[in-house]
Amino acid sequence: MLKQVIALVKSLSPAPAVHAHCDGPCGVYDPASARITAEAVVSMTKKIMDMEAPPHEDKAANIAYHNTLSRYVTIKEEQAQKTKEDLLILWTDYFKPVHLEKYPDLHDTFWKAAKLCSACKVEVSTEHANELMEAVQKIHNMFWATKERDVSFVKAS
Amino acid sequence: MLKQVIALVKSLSPAPAVHAHCDGPCGVYDPASARITAEAVVSMTKKIMDMEAPPHEDKAANIAYHNTLSRYVTIKEEQAQKTKEDLLILWTDYFKPVHLEKYPDLHDTFWKAAKLCSACKVEVSTEHANELMEAVQKIHNMFWATKERDVSFVKAS
Amino acid sequence: MLKQVIALVKSLSPAPAVHAHCDGPCGVYDPASARITAEAVVSMTKKIMDMEAPPHEDKAANIAYHNTLSRYVTIKEEQAQKTKEDLLILWTDYFKPVHLEKYPDLHDTFWKAAKLCSACKVEVSTEHANELMEAVQKIHNMFWATKERDVSFVKAS
Amino acid sequence: MLKQVIALVKSLSPAPAVHAHCDGPCGVYDPASARITAEAVVSMTKKIMDMEAPPHEDKAANIAYHNTLSRYVTIKEEQAQKTKEDLLILWTDYFKPVHLEKYPDLHDTFWKAAKLCSACKVEVSTEHANELMEAVQKIHNMFWATKERDVSFVKAS
Amino acid sequence: MLKQVIALVKSLSPAPAVHAHCDGPCGVYDPASARITAEAVVSMTKKIMDMEAPPHEDKAANIAYHNTLSRYVTIKEEQAQKTKEDLLILWTDYFKPVHLEKYPDLHDTFWKAAKLCSACKVEVSTEHANELMEAVQKIHNMFWATKERDVSFVKAS
Amino acid sequence: MLKQVIALVKSLSPAPAVHAHCDGPCGVYDPASARITAEAVVSMTKKIMDMEAPPHEDKAANIAYHNTLSRYVTIKEEQAQKTKEDLLILWTDYFKPVHLEKYPDLHDTFWKAAKLCSACKVEVSTEHANELMEAVQKIHNMFWATKERDVSFVKAS
């Protein structure tokens, strides 16, 4: 089936590339998207852990505390979800049977990384957030190796 | 309850339990969501194949033709995307290591099903749309077998 | 007006069906979508009611508690909203004047069901969540009766 | 049920208003949202009707033509969808049983308006786009009458 | 560059208008969208400030309180975000170099208004919510002045 | 006002960073997001320009052609929109008055970049797509200079 897809796409467009971060295929895959949102998950997790609840009787401080906590949880959720989506686009659209031969743990790597995204939503865990970051870096290395390019893993934070 | 969730998640990742069609976990997984949208992909693909281009000089008919064709392509795209997302939620959040032991082709089944979703976007292919429908039915059977429930695969169309 | 729409769609596509869960029309309507998300509303409502607040001084437990509570409220909100949207698609696109003649309480049934979706957001009420589930079942029965099909109301949870 | 919702909301917030354009309830309903997007539907419909297909052999002009046509169809779709959503929020959340007594055609007015939104997607019809605009104006008048305010129907285009 | 865009759009469509609230361009810009959502930000901010935390031991009341607080924070976030988006559409698509000559503080006005939207998310501040409302009114006046129309700033709440 | 926001955020969270790609603030800004989507705009624009319309009488080829063309236009639209959003987050949330003093053309740079995003939607223009890429690179340099970090502009395609 895959072969037919590739054949069809090639016949429709003179461009030889069949890769895309949006299953266009637009030819632009980059694990940096997942890296940026995973960094945000790590950051939000840390910020939540660092928050101190104000005394019960200080109404204004409690409102500010819950406004911030509620927003951080939502942002952590969204960023973990985006990380999951961006990783799964690589798995379902970029990686092909030929890569699976070279990386027999391909499926397992992505399955665990996706489960880590869900764990980072369900919990407030620096341990799992860091493990997610490592999983993203492993995928970054695997990805660029298939393209025979040496791209460093540069973090923004 | 929290303790139970944490315990659940810990046992899950690297880990075993917790169900949810939305990684809440809310405890409600159902492959029917993916079945409904896959039916829409089959339907839109057929409708696109059945369209007849009007004569070049009939302006009004051409506008109606392109309005319909453009909308059908967009709807096919959206429904294939939703099918992909709903299938991947089952793969990343419902299925667990214990299921993988029982279904060694679990990863491959979902990988191919996800790639079929992308193929149904890139192409207008009744063959691939039907293969997607079969992949969804296979997953429906696998899913309900893990719950030891006998749920029939009832189509809406 | 409806007649003209139907006539137009028929003229554009040889397929006789004019129904769709996405106003394509793609020909695939199924109340199962609303049933799945309503089940999630019931599930999240129960889980929220079952939560126990940890002692004020246990910081880690409080953070985990608020992470979970905040996420459950958001998921309840999203699932209630999806239920509302899926029910309204049936009301605005599937049901037609001919059905209104047969079911004179059609409008009222959907109005109340939609208001129940909003109530399930605003409140944490098992009573209203259960009433929503019943409203969805009533619509399921009404829907399949118009198609003269006998489809059972199978819940996933 | 409604009474309980109202009671609950009132008990939670000292503000007497129970209306909201987002079922918060945030207390801010305004048919102007639906009016703006309905104007966009009228505008896109006209622009599509006014487009002239270039000669078949002029490649660059054909690409520009299809880029514009495809975008206009998508924008018409989105704006009609937003109009539908904003109208339905008024119907499901703002209007209450007491209003139904005063406006017995309330349900029918919204049902027809919602069906017009779908018709404006399926077709490229200035007639239906104009009818949608009239439906929105009728709802604007009905809405402000319930609030005993005299707000003029000012269009942006 | 702008000139070329305008020339291209004019060449593609006989309509002379080049304005749009959705960069279609669909020709329908209206600051009322931003006004409605800014009103919702003001409303949600006030409602959050007015909430009273129930006694720690009243479980049901605490759940209701957190359900409401969490939802209000989310709605405030969404409405502030929509205000930001709608204002930025005016800045990036409606306003042109010719307007900048007439309003040298154009960029600064929008920059500050956008930063106020973010501040209304991060904080629960009636002061900043009111400043946002004033910024929207200033932009309303600036906008209609460029069209030489006298449109009053009518609030829904 | 800004100072107050910063003070508030600092008081709420012990973390000293006040930057975020999502106005959390989560502390993770990175122009790489805009770079990736801008690359996709360039890619889709080229692919659209390279497409050859099939003979009018070849029905299957025409359907495949329009399916591809329609999808490419939609993807170009989405990626240009994401580029716009990601650039504007930098402008509204990362850059502060102190940066404006150092880069007096800050506002103009972002205004032009945002207008280029819209131009890349309205047109199929390799010239404007390339100009957008240059604008993104200029912003990349400006951004990392404010952080006194030397980060290379590495493209994925």
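List of remarks:
Going by the order they are written in, the chains are A, B, C, D, E and F; count residues from 1 in each one.
Throughout what follows, a contact is a pair of C-beta atoms (placed from the backbone, for glycine too) under 8 Å apart; a residue touches a chain by one contact, two chains touch by 3 or more.
Owing to the predicted nature of the structure, the values given are computational and were not obtained by experimental measurement.
For the pairs B-C and C-D, the larger set of C-beta contacts lies at B-C. Over half of the residue-numbered contact pairs of D-E are shared by just one pair in A-C, B-C or B-D, which is B-C. The centroid of the Cα atoms in chain C and the matching centroid in chain E are 31 Å apart.
Rounded to whole angstrom units, the spacing between the C-alpha centres of chain C and chain F is 37. Shared interface positions of chain B, i.e. residues touching 2 or more other chains, are given as 5-6, 51, 56, 64, 66, 68, 70-71, 74, 121-123.
The touching residues of chain A, counted against chain B in their complex, run 1-2, 4-5, 8-9, 23, 25, 84, 88, 91-93, 107-108, 111-112, 114-119, 121-123, 128. Per the touch definition, chain C reaches chain E in the complex via residues 48-49, 51-53, 56, 66, 69-70, 73-74, 77, 121-124.
Chain D makes touch with chain E in their complex at residues 8, 12-15, 17, 20-22, 24, 26-30, 32-33, 36, 39-40, 43-44, 46-47, 50-51, 64-65, 68, 71-72, 75, 78-79, 151, 154, 156-157. On the chain F side of its complex with chain B, the touching residues are 56, 59, 62-64, 66-68, 70-71, 74.
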